[in-house]
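Next come two complexes built around subunit A: one with subunit B, the other with subunit C.
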Partner chain A sequence: MAMAALRREGRRFATPLISPNPANVFRSSLIPSEEPVLSGVRCISTQVVRNRMKSVKNIQKITKAMKMVAASKLRAIQTRAENSRGLWQPFTALLGDTPSIDVKKNVIVTISADKGLCGGINSTSVKISRAMHKLNSGPDKENKYVILGEKAKAQLVRDSKKDIELVMTELQKNPLNYTQVSVMADDILKNVEFDALRIVYNKFQSVVSFLPTVSTVLSPEVVEREAESGGKLGDLDLYEIEGAETKAEVLQNLTEFQFSCMMYNAVLENATSEQGARMSAMDSSSRNAGDMLDRLTLTYNRTRQASITTELIEIISGASALEG
Partner chain B sequence: MTLNLSVLTPNRIVWDSEVEEIVLSTNSGQIGILPNHAPIATAVDIGILRIRLNDQWLTMALMGGFARIGNNEITVLVNDAEKGSDINPQEAQQTLEIAEANVKKAEGRRQKIEANLALRRARTRVEASNPIS
Partner chain C sequence: MFRHGSRFLARATTMTWRRPFATDLQAEYVADSNFAEAWKKVVPNVDPPKTPSAFMAPRPATPSSIPSKLTVNFVLPYTSELSGKEVDMVIIPATTGQMGVLPGHVATIAELKPGILSVHEGNDVNKYFVSGGFAFVHANSFADIIAIEAVPLDRIDPNLVQKGLTDFTQKLNTASTDVEKAEAQIGVDVHSALNAALTG
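Take a look at the complex of A and B:
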């Protein structure tokens, strides 16, 4: 009975130690200096380190798993991205690539990922898009954004909400295929007026390097004008245009096909870059977690050793005092 | 003088090598292409591509797209392409019958257009799978 009361007393005595009330903290900070509760303090500090070690270990497990997932997804999508590269080259050969063309209505198609934790690829896309916006702005010019992916939307909504024409997200819920992308490209062409579409994406070079890239798709009217004036697209006039009633009709179809092919390539390249970037980001964070774990283990072992040594000294000196 | 043909779809390269002659079905009819042809850019219809190689004719089913001919290089970009030898004739015939039935069933403008397109695709595949034609 008396023991139980003592324990209860002890518990009541212990509470101020944890209480967040400043007055109590002040009192509790006095207590250790008066009474020998140092051993208790030591226990708490090792407990904290142990908890920290456990959480770091868990984080490392998660990042390792994410890295594995990214690596397997990367392998699947990389071959498809490489296969899709052949598709835009003939268009570039015929229509040229003219990023510097000066037109009135610019539409910037920003491609980004839906998820984060993949290094800087999303912010790179956004940065390049902003630069394009700035570069092409002028007194009688119009700049609009079409955004693919959650992350670019979140960043661009903040400062240029009025310029955003169209947002599409959750592209990668189903595996990417050409049909899906061409439906999406049709959607964009139907809903947006443009003279030039500029697709901004990260081109996949290797697992660790991604090139921010801009592909330009011109509207049929601009293509015709440029070809006739013998400007940047002078080569097109060498070709005889066949297959429909008028040249404009062919060019219209051609532009639509070009845009969907370019989009298909861009979306695949960006998805590949995303997986690559996520893989390397997760790799370095697992490595960081390992380093942190090593440091924490060292601290933990050192503290434990120190406390054992202190206890041993206490016991030995107590015994020798009794003997002497 | 040799002629290089490459047939590309979004997913893969179907053909990439030398040929002697091809017959391409465009929106305004079939055109034959021999070496040293004048530069042409043309839309490609849903139809058959015939390729002459070592005096043998091969067929390929093309599902619409675009072709560029110039400098003895032919580049055909299409939504989908299948080599005639890769198509199973029975399966193609069945698809054609289903497509024919769908055309009869289709109601409304949009459905009719879609059913007709599907029928043309199916017919092309049957033609391409038939080596004699």
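Take a look at the complex of A and C:
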């Protein structure tokens, strides 16, 4: 009994220090209602606690349901993301991986989710995008954002509104497929001038971990320039090119195709990370709701018992006063 | 101990390049160190993001003698049809004509047109109908084929192909706008390629 009280007190002091979950909001507002109970005053506090219990129970039901939904979506999308991982590898093997390339017009393609409640994945991709912006800024350099998803838009609009070139949302209304993504990639290629596209997304690693990743897609002119100057893509000159009449034309097709393939994988990976993150976030919040419910039940029962005891004492002492 | 088990498993299933024997040196894809350094300078409190090469097994360097097998990766958006498979020969439907690729083929980048991709492995021949894409043949006898859609040839219904061909030919004749004409032309091209693949 005393231990429990001590623990409760300790928790109350610790609350401002450790607040990793939104459930704490409820907890801190709950404490004043506990006070009169502890001092043994009979009041409507049982009613308050009962209401609080009901609302916590409802919140728990919601988070549990959200977790279930995220889990089932995750399973479907995870296999597709894993199957799409082969798609970009040939391009990286051929055109290399060039995050440090120094070009004039950088376009940062930030991929995020449309909905929140999914841990830190949206803010991670925004943070990385801002850092990429900072990294590539300089005199006579241009940095633009292309944003996919509502959440990154909300965050980036605040401080870099003038740099936002294009915003696309509601990507996941229908299940993601290659056709849809390639149409979207085409849209980006048509409307944005670029020397290098940097795709920022969260690569799915496991349900609890995701890796912020930057894929770089160069424009055909830059690829040709790099190949001729013998920089990172020097090997490309050794390849015989078959297809359209000119090399530039093939490179144009190649980079556009590369962009759509990279985007397809990136969008799928990010969607998988989103579901995974949402699943674990909802799991921990339903666990927190359960903990809170336990504590509330304890308080409720104790208050009830206290009031019964007080009543009994009153009756008994009243009766003994009459007798004596 | 098994914390990273899932990652390794995922890697093993998705990226099964065959590693070369220890005698030949691997051409390591060194993660871009300039990038990491520049990143550390500008944003010291955030870890640098990963880049795609970190998730990819390195490709072997060009061996001095021509290997006996060709390593093929044949990928589609929704699956990796062949990954790191060693075969004798592939015939690729390049826009310039059918292109046979044997081990030691000169490094090539080729655009694909709708047609048959055949994979020869011993006496077995697997034939796919591909809709278009790209093929890269590397100097180290690796071939990467990327297509948007591919179906094994035995799953195509000849009757539907005939029907589609006549439909699109009719559409091509009646098309009025340029867009319709182009769409019908694509339909005719694909169906006649399919038809040729099935009959020939």
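We take it that the second predicted complex is superposed on the first by the 282 of 324 C-alpha atoms of A that agree within 3 Å, B and C clash if a C-alpha of one lies under 4 Å from a C-alpha of the other, contacts with A are read in each partner's own complex, and residues count from 1 in each chain.
Here is the rule we go by: contacts are C-beta pairs under 8 Å (C-beta built on N, C-alpha and C of every residue); 3 or more make two chains touch, one makes a residue touch a chain.
Quick caveat: nothing in here was measured; it's all calculated off a predicted structure.
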Combined model on subunit A where subunit B meets subunit C, clash or fit: clash
Which of subunit B and subunit C A:Thr213 touches, first, second, both or neither: second
Touched partner set for A:Val48, first subunit B, second subunit C, both or neither: neither
Partner chain(s) touched by A:Lys127 [first = subunit B, second = subunit C, both, neither]: second
Contacts of A:Pro90 with subunit B and subunit C, given as first, second, both or neither: both
Touching partner for A:Ser100 - first (subunit B), second (subunit C), both, neither: second
Contact breadth on subunit A, by residue count: subunit C or subunit B: C
On subunit A, the residue positions that both subunit B and subunit C contact, one per complex: 80, 83-84, 86-87, 90-91, 93-94, 177-178, 238-244, 250, 253-254, 257, 261, 264
In the complex with subunit A, residue positions of subunit B that touch it: 6, 8-13, 26-28, 31, 38-45, 65-66, 68, 70, 75, 77, 79
In the complex, subunit C residues that touch subunit A: 6-7, 10, 13-15, 29, 31-32, 34-35, 38-39, 42-43, 46, 49-53, 55-56, 59, 73, 75-80, 83, 94-96, 99, 106-111, 133-134, 136, 138-139, 142, 144-146, 148
Residue numbers on subunit A that touch subunit B, as the complex places them: 80, 83-84, 86-87, 90-91, 93-94, 177-178, 182, 236, 238-244, 250, 253-254, 257, 261, 264
Of all residues in subunit A, those that touch subunit C in their complex: 80, 82-94, 96-100, 127-128, 131, 134-135, 177-178, 200, 203, 205-206, 211-216, 238-244, 250, 253-254, 257, 261-262, 264
